[in-house]
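I'd like to ask some things about the structure below.
Labels run A, B, C and D following the written order; every chain starts at residue 1.
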Amino acid sequence: MKVEIRVQANAFDPLAELVPVHAAGPQVGGVVSFVGLMRDLNQGDRVHSMTLEHYPGMTEKALAAIVDEAGQRWALDMVRVVHRVGEVLPQDPIVLVAVASAHRGEAFRACEFIIDYLKTRAPFWKREQTRDGSSRWVEARDSDDAAAAGWSNGAEATPSGSAEPTASGEQT
Amino acid sequence: MKVEIRVQANAFDPLAELVPVHAAGPQVGGVVSFVGLMRDLNQGDRVHSMTLEHYPGMTEKALAAIVDEAGQRWALDMVRVVHRVGEVLPQDPIVLVAVASAHRGEAFRACEFIIDYLKTRAPFWKREQTRDGSSRWVEARDSDDAAAAGWSNGAEATPSGSAEPTASGEQT
Amino acid sequence: MIRVLYFASLRERLDCDAESLDAAPSTVAALRRELATRGAPWAEVFASDQRVLAAVNQTMAGDDQVLTDGDEIGFFPPVTGG
Amino acid sequence: MIRVLYFASLRERLDCDAESLDAAPSTVAALRRELATRGAPWAEVFASDQRVLAAVNQTMAGDDQVLTDGDEIGFFPPVTGG
């Protein structure tokens, strides 16, 4: 399994990131990708921008552990995870998770597992600046905990707890 | 929900197809995409090329019905489906399914639902040319039927029947 | 008159991609039975143990679907796209 | 000596991003108790009903994890990335 994990302050182009995943080899039958984008609305307030803080060193370690666990659960050819830190603006890509596998079911499972675990186990924190000039830390969501918990029983099927509405302007 | 469905003989660039889905609007929190690529091996034989036949008219109608059903089950902002017909070569993209939604869980569910249903309900047929010069129709797979059947009970969670190994060189 | 289309391996086995029939049999099942009376290779293709799917006017149809004049019926093997 | 790091809302509430402590408490729980004795705002942040996560040497750690000299301990609120 080829793995690339990056945490970066610079903006990234999710399409450029997908190029090597789509070219991962003639044995690859499917690529599943998730791109998380910043939304402009949170709890009814227009969000002007968001600042992502992380724990340098631990973040990369946590992401590597999550991807490694995915690679043990499913047969994967390539995984790429890219995550922004610093200031992001509405519609900016915040995170990309791309998975190449011989079989589509495994690519879907692994991609959703990685983003669900990232959202509950990787040390990132969002602070949002609303358009009225105020600023607040984004609260962790129970639905994310539920989504991650759905994987912990070793089930191959995805958790179903991630579909309820959210008032959060962070990408889901 | 904005929908674009295309069946075409020309090659397509899955990354170019994703551009408008990533720009679907500030309310979009996540984009999930599946790209199916042609593999070069089937039942132990090297596959030289593949020819995709379809039922013009019905294929587009079947795809529209599948996407429409996804839009009724989940809150989606944009769906794009592109499918090749005619001759394709190893590593060529055969199909793209891209879904933009406010919430990642819904985007994952809808994307996998569409590709699972496409594989069992949309009239496409693959004929492969092996490197030794022979040619054969690809057999339908029970695992695809199982994957599609997993959605028919109205369950929101994904079916788990799509992870078993396959001997098929078609993309999965 | 009805129009009958054959796709993929069926088209090849029957060496026929489309034909028109003057009289519409009552149902898809009746059409299958009529086609099966033509002898080889039709009898084999439309034998009851073969998995041949049918569409009427470009929508998947069961055996009991009623046919009317002007219908387009498609027969094809299980699909393998995606 | 141990190194203790604070992140996000904790860093702001404590007005402290990192510090070194000469003696390592026996466990993560003991460190939490020691920090809570400092009075406001420390007492509130490390009160038992607050959800403050801990990592030891950059790996998530439970309260009973034993600390040794040279460890790096991070405290932070539930994560909100992705």
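Note that contacts are C-beta pairs under 8 Å (C-beta built on N, C-alpha and C of every residue); 3 or more make two chains touch, one makes a residue touch a chain.
What you see is a predicted model, and the numbers here were worked out from it, not measured in a lab.
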item: Lowest number of touching-chain links that must be crossed from chain B to chain C; value: 1
item: Chain A and chain B, separation of their C-alpha mean positions in angstrom; value: 23
item: Centre distance in Å when chain A and chain C are each reduced to the mean of their C-alpha atoms; value: 48
item: Computed distance of Cα centres, chain D from chain C, in Å; value: 72
item: Multi-partner residues of chain A (each touching 2 or more other chains); value: 36, 115, 170-171
item: Pairs of chains found to touch, sorted by chain label; value: A-B, A-D, B-C
item: Contacting residues of chain D [partner chain A, same complex]; value: 5, 7-9, 55, 58-60, 74, 76-82
item: Residue ranges of chain B in contact with chain A within the complex; value: 14-15, 18-19, 22-23, 25-37, 39-41, 74, 90-91, 93, 101-109, 111-112, 115, 147, 155-163, 165-166, 170-172
item: Complex interface listing, chain B residues touching chain C; value: 36, 52-55, 57-58, 61-62, 83, 94-95, 115, 118-127, 137-141, 144, 170-171
